[in-house]
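What follows is subunit A paired twice: with subunit B in the first complex and subunit C in the second.
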Partner chain A sequence: MIDIQLVGLLNATLQAATLLFIAALGELITEKSGILNLGVEGMISIGAVTGFMTAINTQNILLSVLVGILSSSVFASIHALVTVVLKQDQTVSGLILTILGLAVSALLGKNYVGKKLETKLENISSINEPSNILEVLISQNIIFYIAVVLMIITSYVLKNTMFGRRLEAVGEDSRSSDSMGLKIAKTQFIATCVGGAFAGLSGVYLTLSYVPYWTDNMTSGRGWIALALVIFGGWKPYRTALGALLFGFLEALVPRLQTYGFELSPYIVKITPYIITILVLIILTVYKGGITGAPKNIGVPFFRENR
Partner chain B sequence: MNNLKLFKRQSVNELATFYSFLIGFLIAIFIGSIILLIQDKNPFDTFSLMLRLSVGSVNSLSSSLNKAIPLILAGLGISIINSVKLWNIGAEGQIFLGAIAVNFVYINSQINNPTIHIFVLLIAGFIGGAICILIPAITKVAFGVNEIITTLLTNYIVIGITIYLINGPWKDPNSLNFPAAAYVGEEVFLPTIFGKLSFGFLICIFFTILAHYLKNKSVFGFEMRIAGGSAMTAVYAGINAKQKAFLAMLIGGGFAGLAGAIELLSQTHRVSTGISQGFGYTAIIVAAITGMRPLGIFLVGSLFGALSIGGSVIQTIGVSTYIADIIQASTLFGALIIQFFFNYQIRRVEND
Partner chain C sequence: MRRSMAVGLLIISILTMACGGAADVDDYKAAFVYVGPADDGGWSQAHDVGRQFLVDETGIETAYTELIPEDATEFRTVAEAYIEQGYNIIFGTTFGYIDAMAEMAEEYPDVIFLHCSGYLSNDSNFGNYFGKMYQPRYLSGLAAGAMTESNKIGYVAAFPIPEVIRGINAFATGVKEVNPDATVEVVWTFTWFGPEEETQAANALIETGVDVLAQHQDSPSTGVVAETNGAKWISYNTAYGQEAAPGAFVTAPVWAWGPYYVDVVNTIIDGEFAGGAYWGGMDTGLVSLYELSSDVPSDIADLISQKTEQIVAGEFDPPIVEEEFIDNVIGTVSP
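Then we have the complex of A and B:
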């Protein structure tokens, strides 16, 4: 038997981490190709609202998940169009994407605020009183396992497939990649849309299981945490997952601090992950001679000079 | 075989940024109209109401310009930092730390002359903003840590500190439902010049001219441009690029901190999460869309101030306030897309 409070903490950690991790993994893929997308918050929001609306209207969970993923992906393609095809500034475009995403989702979801879901994303197996860590692990929401699978697949694809190598080459040195005949625009466009799809899945999880309801601005900064996670993880899937667990743990810990009898202010606990991320970044930069894992061309629009 | 290829234009029209913004705005109005039509609202009525309630009277015009002050000041700061080709995503945090610094100095000081008191508090805000960007600036200059990331992260840290302060040490026991610090005394409120327009707007005009001079006319501005250009040129010109970058970041952060100070002394009168409603992020867009030109930032900042006032008042006729956000975002995306056509040329070339 393990402590019932500990089980609660572990559950909450895994759920919070899953939500953050999926969005972060998507951003990681986008950034690997050299495209910085600061619109994660907006993309999660779009996925969350479209998924929720579909679930209310059709009661079909699978369809809702697909709609959420697809609409976020299409939404991300605005960023791809503006930065990849039209070569405009990525920082600016990403920020506008966040504003637009939050506004559009608030507008779409106006009539859905406070509605109750008939069906939601289910847990794989329902163990009412998990008594050990293994039982906690096997009784998670299906999205948790999808996230684990996505992590393994992403890591494999990045390291061992042509697509992954191409992605990395484009992000590291677009000029050489171009002379090698790699299609830069196409690779970056796909990577941006895949990032959007992942953010959409994270959003769907938010409204169909994690919360589950819809209100304006319910992403409440999670998109920005996802961006920090990519940095924390040094643009590596497994380390990003570790970061997600840390951030998720702290998010789960905050409301429980008082029951454990700690005097520490929850607001101070909430900012520690950001401080840790900055420290990790500084340490990596100093001790690895600037190798933080960041793709070299991140944020730089590629333009082939014609003569 | 014929192929379409992209060419960078040799010369770009001086007013290209202005035209793209204008066209972007028209596109946005068009998109906004469609959304309104879908919602069975008359676009013409809605927009004329927005116009009337944002610039139609002394009171509404002054509210709009008040709203523009933090956008303009933070935007100017971002444009100064951009002179050395660095980004500042941390204006939001700098605005908050500026306000925190004002409250800190207010609590811990005794100044009897209100004019001097206000002056001291404004300087405190500027310094607060500069302190906020200190760690990103040091780590950038000393180790080369990416400033986009560190400035972004400091936002959360500072907002976390703000929430801690207004729920803990600075919590006003009289404010029950909404956590906030105690109000500052009326003697340090910024005076109004006409209608509701805060004295902060004059400060804003002054700093716009200052930033324009600093960036385009001063020796320091010239050195910043060199420092942000090529490292070798800076060495040949005997310019300490790191020092210029460091100074530019502190000054830019200070501008945003000043915005926080003015917001506290003229609008909220106390530290709360309402000090900034995303002004720091909107300011980045305002700065970037004007090509980092101080005078452009002043104009676009004012327009966005009016738009956000107009957006919040149309709620009364049952139109979602998010329409204003959508118009804002579409204007910007429209402007970005049009700018492409000013900067590039698509030509048909024959493959050999």
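Then we have the complex of A and C:
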């Protein structure tokens, strides 16, 4: 038997972490192929609004999730088109994707602001008031378990499959990969769209479960934290998950510290994720000679003709 | 008879024109600058509803620009474009425009600047305006105190600044009056608008056992949490969120800028505007308590309407405490 507030803290940690982790995992896959996509915030937003609109109109939760994933993926293909096919600057294109995504989702969602969602993503088991850690773990939302499965699959695919090897090769050294006959553009295009799909899933989790309604600017910066998470996690799925738990824990802690009666300033808790990320980068630079885990070709467009 | 009246009117109007004194509404054009979307369902929408009321009542020509960040340059660009087009009354409806408005009031002495929620003004063409929101907050506290069964009420609050603190204290004063055993627990989110932060804060309060939630925030997240957990909810700004959380919604302290906008524009037309600060209470209609939901006990509803009358008549005013929390509030004003 543990304290109800402790259960609440754990629950809230897992909720906040799930949102951050899925988006970060998608970005990790994209970045592994050498494409930096700063449009995470916009992609989450697109998935969130399209999923919510579908849920309001059809009451079909599975369809809503699929629509959210697909529309974010299609939206991410804009970035793929600009950076992979047209070989334009990835930073600029990604930033535009964020601004565009927020604006388009605000426009799409105009008539859905403040509407009540009748069908939510339900929790998987029916334990209403979990009283121990095990019960909390088995009574999470279905997306939480999907996130865990995605983490295991992604890690396996990256390490042990041909596709994962190719992805890494393209991101590390596109010139050699090209000489070896790998299809650079195709790999990067797929990786970018997969990243978008993950961000979309994160978005539908936001509006169909975590904060179940729609209003402009729903994401309020979570996409940027997801980007920081990829760096924190050193482009490794398990370490990214650990980071998501830590960041989620801190987010859940801010209001709860106050109800526990601690006098610690919430401002300090709020800036901690960013300080930790910077510290991790510094420590890796000092002790590992700058090996942060970043793919070497990240952000560099591949021109076959350039020698 | 009728003809003589018409002749009389004609003479009067010729006389006034000859004197060149009183202006009329066609001499003025009013522009509004909003920080959020005009249909955000909260703060900016409340101002836009006020603008439409102004148009309906006075027939003045108005225009608005939405989504202008709290940034001096951004505000100046918009306001100067309006002044070039002949707009001579500029309303800035968020705190962050304060410096730009103060500077521009000096540069453009013929244009009247009105700033919402600020503290700067002069005695000619620059005024500020705000409302005594603590009055309806006190009334909503009466409802909250009566409706809690666990005697624990949660309050999701934005920033520890005087405006928010006096709102919490007024609310808690109302709670205490009907239910001396109940406490009001405060959690700061450090954001005016943050759906995730507000959700986390509301959940944290639910975990401490609260069964009524109030808020000083601009999103309805707290209401959605209340709805999910079978708790009750006092909204804010407008009746926003009533649709998103119909079961939880009890009432809301709300803004109605329309009557003030009509008054101030009439004062300007009459040539009597002299800058200064305006702080309107419930007697002006600027702030009020939204219609109570049907599950508020009838004796409390009667008490609320009785207190409303007293406040409107100026016989009673909830105490203003902004330095610290009163004794039934749990939390700290300087976290």
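Keep this in mind: the second predicted complex is superposed on the first by the 305 of 307 C-alpha atoms of A that agree within 3 Å, B and C clash if a C-alpha of one lies under 4 Å from a C-alpha of the other, contacts with A are read in each partner's own complex, and residues count from 1 in each chain.
Basically, a residue touches a chain if its C-beta (ideal position, glycine included) is under 8 Å from a C-beta of that chain, and two chains touch if they have at least 3 such contacts.
Since the structure is predicted, the reported quantities are computational estimates derived from the model, not experimental observations.
Colleague: Check subunit A with both subunit B and subunit C modelled on it and let me know: fit or clash.
Modeller: Result for subunit B and subunit C: clash.
Colleague: So, A:Gln5: does it touch subunit B (first), subunit C (second), both, or neither?
Modeller: second
Colleague: Mind working out whether A:Ile231 is in touch with subunit B, subunit C, both or neither, as first, second, both or neither?
Modeller: first
Colleague: Is A:Val254 touching the first partner subunit B, the second partner subunit C, both, or neither of them?
Modeller: The second partner, subunit C, only.
Colleague: Looking at subunit A, does subunit C or subunit B touch more of its residues?
Modeller: B
Colleague: Can A:Met180 be said to touch subunit B (first), subunit C (second), both, or neither?
Modeller: Neither subunit B nor subunit C is touched by A:Met180.
Colleague: A:Ile138 contacts which: subunit B (first), subunit C (second), both, neither?
Modeller: Touch status of A:Ile138: no partner.
Colleague: Figure out whether A:Leu279 sits in contact with subunit B (first) or subunit C (second), or with both, or with neither.
Modeller: In the superposition, A:Leu279 touches no partner, neither subunit B nor subunit C.
Colleague: Touch test for A:Asp89: subunit B only (first), subunit C only (second), both, or neither?
Modeller: A:Asp89 contacts subunit B only, not subunit C.
Colleague: Give one of first, second, both or neither to describe whether A:Ile78 is in contact with subunit B, with subunit C, with both, or with none.
Modeller: first
Colleague: Quick one: classify A:Ala106 as touching subunit B (first), subunit C (second), both or neither.
Modeller: A:Ala106 sits against subunit B and subunit C alike.
Colleague: So which bits of subunit A does subunit B touch that subunit C touches too?
Modeller: 106, 110, 265, 267, 270
Colleague: Any idea which subunit B residues touch subunit A in the complex?
Modeller: Listed in rising order, the residues are 5-8, 35, 87, 89, 135, 139, 143-146, 148-150, 152-157, 160-161, 163-164, 167-168, 278, 281-282, 284-285, 288-289, 320, 322-323, 325-326, 328-330, 332-333, 336-337, 339-340, 344.
Colleague: Show me the residue ranges of subunit C that touch subunit A in the complex, using the header's touch definition.
Modeller: Per the stated touch rule, the residues are 36-37, 39-41, 185-191, 193-197, 199-201, 203-208, 219-221, 224, 227-228, 240-241, 243-246, 331-332, 335.
Colleague: In their shared complex, at which residues does subunit A touch subunit C?
Modeller: Answer in residue numbers: 4-5, 7-9, 12, 16, 19, 106, 110, 113-116, 206, 210-213, 215-218, 220, 222, 251-252, 254-256, 258-259, 263, 265-267, 270.
Colleague: Which bits of subunit A are touching subunit B when the two form their complex?
Modeller: 36, 38, 78, 82, 86-89, 91-93, 95-100, 102-104, 106-107, 110, 221, 224, 227-228, 231, 265, 267-268, 270-271, 274-275, 277-278, 281-282, 285-286, 290, 292, 294, 299, 303-306
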